[in-house]
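Note that subunit A is present in both complexes that follow, paired respectively with subunit B and with subunit C.
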Partner chain A sequence: MYAQAFFVAVFGLAAIGFGVVVFRTSSMVRSALALLFSQTAVGCMFLAMQTEFLGVLQIMMMATEMSIMAIFMVMFMMDPGGLGGMDMSHQKRFSIGAGVSAAIVAIAVALLSDWGPAAEQVPDAEAQTRALGVELLGRSMMIFETAGITILTAMIAATAVAIPVKNLAGKDDKEASE
Partner chain B sequence: MTVAIVLLALFGSAWLLAVIEGWITTGRLSPAAPLYSGLAHLGRESIVPRSPDRVFFEAAPVLLMVVAVLGMAVLPLAPDLVIADLGTGGLFINAALAYVLVAVIMAGWGPDGAYAMIGGWRFLGQLIAYSMLIVMPITAVAMRAESLVNTAIVGSQESLWNIVYQPLGFVLFFIAAMALSFRAPFDLPTAEGELGGGVDAEYTGVRLAVLRLARLTLVVTLASTTTVFYLGGWYGPLLPPWVWSLVKTLAVAVSMMLAGRYLPRIREADLMRWCWVLGIPLALVNIIIVGLLILVVP
Partner chain C sequence: MTVVLIVALLTGAILFGIGLYGALSQTNLVMIMMGVELMLAGAMVNLVAFWRFLHPEVYSGQMFVLVVMTVMALEMAVGFGVAIARFRAKGSVEMEEAEDLKG
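Moving on to the complex of A and B:
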């Protein structure tokens, strides 16, 4: 029990630490990978809390997502390497205010809400995974399928918008050069 | 004890693989060559580029090694010879191997060199091609075993190996595993001759030694994954289970290397197109076929 609490605390602090690094660096790639390791630490917290499937899923998803985000930041930011020493934080007063009030609300929720009795026994990882599978293919199937189709539609739409219409552009260039 | 045995098997296999690789490329069978090569690397100056991103530069080879070892930790060599038989083993391998990408991007960005950086980002493109072909065949394998536990996955193949039950999945997974281990013909991130070594280019001395050892270890881990998922793991006549695991793993690893030796390097655009246009639909067909087989055949 104490070991569990210790590891939850360690990974929680690591997540906060890496979260701070996201804003303390000027390099986009460092920032993206710091966010990745912050999220990985949250995944490790899940593992420490015996929710193995969620933990492994979080650790797996974040690696690819944040790497892809890193290349987008390199492509679209004006100073991806941070050589100009740019500042990663924006609207400082507002963000400090928002951050502090969000933290106060989160701590208040954690302390004031009634969490009920702590679970003495949790099912093992295999039983949890099986229960999750049954849930996803039973009661919650429509919700997840709808979410999945919505995300897929958004991806296809975003890709379609992002692809330049090559033929037309080429035609314009040709006409311009003529 | 189990940890020591599995690590010994992992690095022993990596050493054997290095010997075989030397044999394939130079035609000479020299068991001590990897040792000499490693010592030579340790003796050389470890040059640090002019303005590196020091944390990434130093961490990348180590992270790659950690990833390969972590993946191996959930793979069983025999029914009771596994470091951690996790309830989500099949997913955990995928999670560990996702960090190969992070390590390669770090190795690409860290040294502040053009070739290395192109190599690192190229591997991200390669991931967009191969990643679905890793996940979807694992899904079909887990469907048959009705479990993500790796020992249960091997257990489900007692009567019939998955390579026979779902050959399509095996072919797709094998190709994706080769792309993930970024060896020829999928060596786009390193690409000697066009990128001058790519992510390897700026590493020298002890760091290069760790990077090379990590890549070989990664090949062994991926070959072992293929063995567990498709070749019936430890099952086989006469010999003890762990021997079968090792023999199969080495056979898969050598076939990966041989395929790389005789195939030309694939173009990035072609790799992505084939994987998305052909690979993903085939992986979905594989899932449907396996689903039907499970429902129809008792």
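Moving on to the complex of A and C:
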């Protein structure tokens, strides 16, 4: 029990620490790597909370996602290496106020609510994965399928937005003049 | 055992606060997306903690985490699509220069 509390706290502190580094470092690659470490620490928290399947999924997904993000950061940032010491932030005071206020409200809810008795035991990893599979292909199948279709639609939409627009009207004019 | 729940909820709350700060303060679209990712990570920590310590017999809790992970992937896909379109059109993904998107 104490070991679980210790590991959840350690990984929680790591997630928060790396989360802060994301917006503190001037190098964009370091930012992406800090976010990767933060998300991995969140995955390790899942593992420490005996949610093995989701923990492994989180670590695998975020490793891929943040690697892609690092590439995009280098492609699109004005100062990817952070050597110019550029400040790419605005409305700092308002942002800090909003972030701190949101965190304080959430902390107050966490501390002041009566959460009731905590469950002592959870099914082992194999039973959990099996039960989640039954849930996904049973009662929650429509939600799962909807999520799948939605992500496919978003991928097609994102590709459609990203490809260059062909000027068909101009092409017709050119053909007509020829 | 409730101590672990509280520790997880505090972590989720602080991650959400950091993410909100990032999403509001950054001028670059990719950095704004990073802030949103941190906010969603905070939400996922809370969901897993609620499932583990309050209702470990109801697997809809884990299902909900899968849906949030899908939302994270969606946000990345759409965000990068918008970033590429914006970069092609204007040569920059700085949101302070996106005033022309105003209706």
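Just so it is clear, the second predicted complex is superposed on the first by the 161 of 178 C-alpha atoms of A that agree within 3 Å, B and C clash if a C-alpha of one lies under 4 Å from a C-alpha of the other, contacts with A are read in each partner's own complex, and residues count from 1 in each chain.
The criterion applied here is as follows: a residue touches a chain if its C-beta (ideal position, glycine included) is under 8 Å from a C-beta of that chain, and two chains touch if they have at least 3 such contacts.
None of the values given here were measured: they were computed from a predicted structure.
Annotation for the three-chain superposition on subunit A: subunit B and subunit C fit side by side.
By the touch criterion stated above, A:131 is placed in contact with subunit C alone, subunit B being left untouched.
Applying the stated contact rule after C-alpha superposition, one finds that A:68 touches each of subunit B and subunit C.
Of the two partner chains placed by the overlay, only subunit B lies in contact with A:60; subunit C stays clear of it.
When the shared chain is aligned, subunit C comes close enough to touch A:42, but subunit B does not.
In the superposed pair of complexes, A:8 makes contact with subunit C only, with no contact to subunit B.
In the superposition on chain A, the chain among subunit B and subunit C reaching more residues of subunit A is C. Touch criterion met: A:30 reaches subunit B, while subunit C stays clear of it. After superposing the two complexes on chain A, the closest approach between C-alpha atoms of subunit B and subunit C comes to 13 Å.
53, 57, 68, 128 are the residues of subunit A that lie in the contact sets of both subunit B and subunit C, per the superposition on chain A. Here subunit A touches subunit B in the complex through residues 27, 29-30, 33, 36, 52-53, 56-57, 59-60, 63-64, 67-68, 70-71, 74, 81, 124-129, going by the rule given at the top. By the touch criterion given at the top, residues 1, 4-5, 8-9, 12-13, 15-16, 19-20, 22-23, 28, 31-32, 35, 38-39, 42, 45-46, 49-51, 53-54, 57-58, 61, 65, 68-69, 72-73, 75-78, 88-92, 94-96, 98-100, 102-104, 106-107, 109-111, 115-123, 128, 131-132, 134-136, 139-140, 143-144, 147, 150-151, 154-155, 157-162, 164 of subunit A touch subunit C in their complex. Residues 1-22, 24-31, 33-35, 37-38, 41, 44-45, 48-49, 51-56, 59-60, 62-63, 65-67, 69-70, 72-74, 76-78, 80-85, 87-88, 92-94, 96 of subunit C are the ones that touch subunit A when the two sit in their complex. Against subunit A, in their complex, subunit B makes its touches with residues 53, 55-56, 86-88, 91-92, 94-95, 98-99, 101-102, 105-106, 109, 112, 121, 124, 127, 131, 147-149.
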